[in-house]
Amino acid sequence: MCGIVGVYSDENVAKDVYYSLFSLQHRGQESCGIATLNGRINHHKGMGLVTDVFKEEQLKTLSGNIGIGHVRYSTAGGSHPSNSQPLVGMCRGGKIAIAHNGNLVNSDVLKERLEDDGLIFQTSIDSEVILYLLARYYKGDDIVDAVKRTMSLIKGAYSLAIMTEKELVAVRDPNGFRPLRIGKRGNDYIVASEDSAIDVIGAEIVRDVEPGEIVLIKDGKMESFFYETDYARRSCCIFEHVYFARNDATIDGINAYKFRVETGELLARESFVDADVVVPVPDSGWAGAIGYSKESGIPFMEGLVKNRYVGRTFIKPTQKEREVGVKLKLNPLKEVIKGKRVILVDDSIVRGTTSKQLIESIRKAGAKEVHLRITSPPVKYSCYFGIDTPRRSKLIASSNPVDKICEIIGADSLRFISIDGMRSATHGKLSFCSACFDGDYPIDPMVESI
Amino acid sequence: MCGIVGVYSDENVAKDVYYSLFSLQHRGQESCGIATLNGRINHHKGMGLVTDVFKEEQLKTLSGNIGIGHVRYSTAGGSHPSNSQPLVGMCRGGKIAIAHNGNLVNSDVLKERLEDDGLIFQTSIDSEVILYLLARYYKGDDIVDAVKRTMSLIKGAYSLAIMTEKELVAVRDPNGFRPLRIGKRGNDYIVASEDSAIDVIGAEIVRDVEPGEIVLIKDGKMESFFYETDYARRSCCIFEHVYFARNDATIDGINAYKFRVETGELLARESFVDADVVVPVPDSGWAGAIGYSKESGIPFMEGLVKNRYVGRTFIKPTQKEREVGVKLKLNPLKEVIKGKRVILVDDSIVRGTTSKQLIESIRKAGAKEVHLRITSPPVKYSCYFGIDTPRRSKLIASSNPVDKICEIIGADSLRFISIDGMRSATHGKLSFCSACFDGDYPIDPMVESI
Amino acid sequence: MCGIVGVYSDENVAKDVYYSLFSLQHRGQESCGIATLNGRINHHKGMGLVTDVFKEEQLKTLSGNIGIGHVRYSTAGGSHPSNSQPLVGMCRGGKIAIAHNGNLVNSDVLKERLEDDGLIFQTSIDSEVILYLLARYYKGDDIVDAVKRTMSLIKGAYSLAIMTEKELVAVRDPNGFRPLRIGKRGNDYIVASEDSAIDVIGAEIVRDVEPGEIVLIKDGKMESFFYETDYARRSCCIFEHVYFARNDATIDGINAYKFRVETGELLARESFVDADVVVPVPDSGWAGAIGYSKESGIPFMEGLVKNRYVGRTFIKPTQKEREVGVKLKLNPLKEVIKGKRVILVDDSIVRGTTSKQLIESIRKAGAKEVHLRITSPPVKYSCYFGIDTPRRSKLIASSNPVDKICEIIGADSLRFISIDGMRSATHGKLSFCSACFDGDYPIDPMVESI
Amino acid sequence: MCGIVGVYSDENVAKDVYYSLFSLQHRGQESCGIATLNGRINHHKGMGLVTDVFKEEQLKTLSGNIGIGHVRYSTAGGSHPSNSQPLVGMCRGGKIAIAHNGNLVNSDVLKERLEDDGLIFQTSIDSEVILYLLARYYKGDDIVDAVKRTMSLIKGAYSLAIMTEKELVAVRDPNGFRPLRIGKRGNDYIVASEDSAIDVIGAEIVRDVEPGEIVLIKDGKMESFFYETDYARRSCCIFEHVYFARNDATIDGINAYKFRVETGELLARESFVDADVVVPVPDSGWAGAIGYSKESGIPFMEGLVKNRYVGRTFIKPTQKEREVGVKLKLNPLKEVIKGKRVILVDDSIVRGTTSKQLIESIRKAGAKEVHLRITSPPVKYSCYFGIDTPRRSKLIASSNPVDKICEIIGADSLRFISIDGMRSATHGKLSFCSACFDGDYPIDPMVESI
């Protein structure tokens, strides 16, 4: 997963982009970068967090009133400096910079074709394919046409912020997999993956970029174009709402926090169990646990204390010290848990290893019963559209029914919300991609040809 | 405030101390250090977080089966590398290392006296006075006697982990201002400021070090001694429970999380107001808001989203961008707040500036009313015992009555819990220091003589 | 200027490349990089010195028995991480990595043409043009053919180390501007810019790569090919001998140290002046001063002491402290200079500012006379083939006759060696490029078409 | 060995101290520090080079018009941040800061005594003893008296820069082991270990601080005092002239460079050998080789090329790559050496390992004969006064006669200068300590009592 932002202003934008990226940091911590336009396009990128890569001196070199930024969470392509974005290239039509969130499913086929034409790839990310296609079609005049031609070739998930030497362009793929929001501040425009990036610089939310929409911001005006397609059905990634986006993100009409609380409520209705206390797995289970508690009437209590400094690189405990590893992150709050029947709420189970360790830890702290409740359905299929799920064989739900998972992780009971239950939390506003739960991929990930 | 830890084992302890310090990181981020005993005492210290100061290679140089550690939050003495702890010194009785949490009130007088004897101070922290007094009385044989003589001279708050070339000693001042807990793991002993540091390395909590107690761990055994005094009354710092300690800390019989939830409940009983939603200031107001919601029946909702990466050093917004500064940390969740009557819950008000900015921000996000509820009484007096409160003149409650504060910060209503209310949350187990609320200092901070 | 190296072995080569680059560090300090082949090509690059960019952990990730390396001294293209080499790209024929020393004169024309074909440039260095042309012609089979086709298009100075997924290739342009040497160690081959890089890993010098030669090292064997051309005349860059190469470099039959001493001798013959002491400008004038002293019989003495730590980034003196700036680097040795008639020897004058400051400084230290002797002719024309000379207008000799320069820099007398004198130090072995002295460019730098 | 500096001015001195330390960097690379007086004394210290430890921001915090500085080369006391200087302490008389070059021989005895009085040592350097004694005797009024009393107790080598809250004091021990020079710039005073530190900031050399002299700089005036003693004989460390000081240092009337050239000449007279070329070991043998060549008439040529970047931390070659290790630093210049009878000149032999490796390397490069000539006598005894010689058993000359050493290192012949020869190069101006050559220690290093 990644986060992108684009700002168009009358003044220098580097600091705006910086603050926006900081607000999107949860979407990617591997690397980050900013490119700005000041007659010519300059950029700075680096491995690590926004606050580490950018200091006053870097921002000073990035003057200009149009800018785009990117935070990267390694998905396709490995962890390597050359894979950081924005990608910047000099082509016939001048310099182009792009920031890409999402994953193409046909990048291999496209790469091969472009290589046959004598092109050369300097990174291992599929975003470079997009840059090359844009370069091929852009002659310095009509960027919208170049984008449309590119869209006719690439398949998959992509939200893009594109900057030429004249304009800012925002693009969302026809399926609308990844979010992209528009904001306005006076005469300035901003596009960004989430509301937080727009709020932080004092801009007002305008709306989502629509699936298939191309937004052109140029000469102080915003224009909208659409790439027409009949194959694509709206299929917003529901994992943005389940886990990925911040609570203050509203995507395609649904606010993430409200969705999370509501799935907690619905889950309580679907699979109530009598207990003494509802405990969230911090921080992912917080909202769901609030909803579960509210609906069930069972009191909410924090029963696991998270170390605020987790995320820092620390010296790994040895295998023997495995217990240390868990407790460094989450320590059971004995006074809350001891002698209690605990309902533990989390947003999802992927591999199941963390759940197993947590339940063990909670039992050791004296819990009488531990019932695990998950506010999303079992994840059975890999994602090819940008969520960094492991391959199927590592997904505990891909080969185990719920009661078997319950046994493996050692819970007294385990329930997931149903897909229909989850859908009802979208109030009919959201046609989402449920491929990770049911394998129904909106685009066939095994593309053979273009 | 600071955090301290001491470990006595049969094996190398550096890694245990490291993990324990990591679990106490919230108690101090300015500097940290570890000293270990392996025939001779070695130590490593540095400015910054535990994860930055210690890497595998530093830990490797710290062999030995007794160790102490310290995380420092600048209180007395400025921010300077030489002020980091443990302090290690070579004296007649061999090397001594100490880690100190707390603040002396008579260190200036003692320093003067020692300087008159020709001593020299290389740091600006009062902990150095303790080291010098210990050195003066310790001749290599009876450390407990040296500690007692030292205790007869120093006044104020001090929890200490002391290491000689033979033993580990833990000390808590006769008032018991600062917490100090004992744990056991097999034959190993650990003393630490909070339970989390004991839990993390797989040890079991044994009990608190008692006010005035000197715990000697030597030759695999633990012995207890007491410094007899009649002047000292038990006066545990209640701010540990209000704010400072982690939720999983139990100090003198009261668990911090339970205390926090209960003060929220009591506050709701004391000063109910009708509203649509109870919103915590993250993370300090979480527990209180849960209690307030439970007692009042008004639903709990997260209405402010905290950026997980705050704490990193970022480029400061200019004065003009002041709003950015607030939103980088806490962004109002409009979908929760808009059109609502909001009860905002926090643990305390010190200067009042953050509260003012937050209320402004929440109103801008569309709140109809904002009622602020604080789970501790107004802070009117400075602390001289280790909490880093500003001088009186900067404390908004030192010169303003509650209704005036309410006006300044722009709330529709403002209520603090009463001291009696807060006291009832201690269930008679805790005789605490309430000086910051009522000026009743357990020790006169204006000491003239020893 | 840059330094390149390529190693072909039966064992891991990363460390060999590392040591070789360290021995070429004087050829470029801006950035460096290594690429190795282990089934696939991996690489690591960074800004700064070899010792800063590469630590054990980086070398560990670079397994493989073929490798190339590069140290960069910013010439064409600015100082930016993306300009570091080796450049690595994925093309139809697999991955290619190149390390380039030199400068093309027709890269702008070629870039335009390639951009018209839809290609995109991600760096601002002309080496990327070479990579793209190789990619265009290389289909995974015949790299020598691809190199020849590329050579038919590019004009200028280039010594190249190229690595495909099968082989190592070394190329030197038909003019032979930049050096490239071949070494052998058992069954291993090494190509490098200078002897020091070959010596350091215990290999024996074999010979130069010839102008226009393509050396293919594959399947344990070395083969030689030539790109036939009639336009190119041998024109080795004489500045390698004058200044750039290390004393232990032998290029096209002439050893740099011996050349330097000999030009000093010839200069003494051409322009003797009576004086008390011959003083070198450290380190560039050392060898010349030894020669001058020997031939003239005037004793050699160090009269300027160089700070060994210059090269480190230090806080710049203010304008007012200008004198500090000079003395930080070179401090006059008063005991040698006071009351003496000094012959100061240096290898070249470019802008003349350093000479002026030095002479001032030497006079202040009490010299009676200062005669400056330069072991190369006046530099009047810019270099387009890789030496980082400033544009003509900044060259003091481009617009001033020798006596005027002498006046500007404040010397009592100033003499340069004649071109013929310098030529005689090559003993007829070297047909060198003298464009910087006489403007006779072996290739017209104002290329209009390909 | 270490370098010290003290500056007294009307303006801020931090930058002066910084540049001076940079010019003394060769005297110590382990750590460095600066303390300045601006009403109160502030300081900053760190491990590493001056240019790494001090950036603009550090210098900004160090305002004040008196300052002292220190560069440390680990001698007594290990490599630990706490051992960096200046040492700063708060005593009865106010803050004191000291920078110390040299080594005490009775620090252990003094430490014990002070510890018996209840003092505590926080570092492992003997300089702390000096600080403690000063603190004991200084009551805020008469620093000269405090210095004298301190001098009556400490034995050994010490040049000191001392700063109180009022004045700057420079002290040189009665033997005058370590150098200390005085300079003047307008109304400003500077004291420093070597001339380079005085020259660099544009000050003029005034004279040496005399053995036993105490220089007080206060209220814009300089006063001189002497500590009277009858036991001490002048015994300047001759190794400053042999190796340690920069060529531009003049100590007690003898310039280091001239001394070095002259010992080369004297050595040629004492032990001429017929050969083709005189080659210096860079950089230590340069001056001696110039002298040897001049006197013998055998031409001087550089035959070993030093890598300018040695000094940087590089990845160590394995045992197998031992040859790499030598060549990384010094590469034989084959064109100079091949087929020649070489006289190799160096300043001293300590362990003999480097000489052995170099001679091997030179033979491999084709030398017909290798004659080693050393411009100091055999080092047979350890130094207790500040030169970091290894213990006697590691000194090759402590247990081997010259012909045996010659055999071990593999030279065709080996000659050292005689002590008398070396003495004649001092022209009767210098009564030096020759203990490392003949064991005649000016102070008995095995002190039993004070």
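Going in written order, the chains are labelled A, B, C and D, and every chain counts its residues from 1.
Keep this in mind: contacts are C-beta pairs under 8 Å (C-beta built on N, C-alpha and C of every residue); 3 or more make two chains touch, one makes a residue touch a chain.
Quick caveat: nothing in here was measured; it's all calculated off a predicted structure.
> Starting from the Cα centroid of chain A, hunt down the chain whose centroid lies farthest away.
Most distant chain from chain A: D.
> At what distance in angstrom does the C-alpha mean of chain D lie from that of chain C?
That pair's centroid distance is 36 Å.
> Between chain A and chain D, what is the separation of their C-alpha centroids in Å?
Spacing between the chain centres: roughly 60 Å.
> Using mean C-alpha positions as chain centres, tell me how far chain B is from chain D in Å, no decimals.
48
> Got the chain C residues that touch at least 2 other chains?
None at all.
> Give the pairs of chains that touch; include all such pairs.
Pairs of chains that touch one another: A-B, A-C, B-D, C-D.
> In the complex formed with chain A, which residues of chain C make contact?
Residues 45, 81-82, 87-92, 96, 111-112, 115-122, 124, 131-132, 135-136 of chain C touch chain A in their complex.
> Inside the complex, what are the residues of chain C that reach chain D?
Touching chain D from chain C are residues 15, 18-19, 22-23, 25-26, 49-52, 54-56, 59, 196, 199-202, 246-248, 250, 255, 257-258, 261, 283, 286-287, 290, 294, 299-302, 305, 307-309, 311-315, 317, 321, 323-324, 327-328, 331-336.
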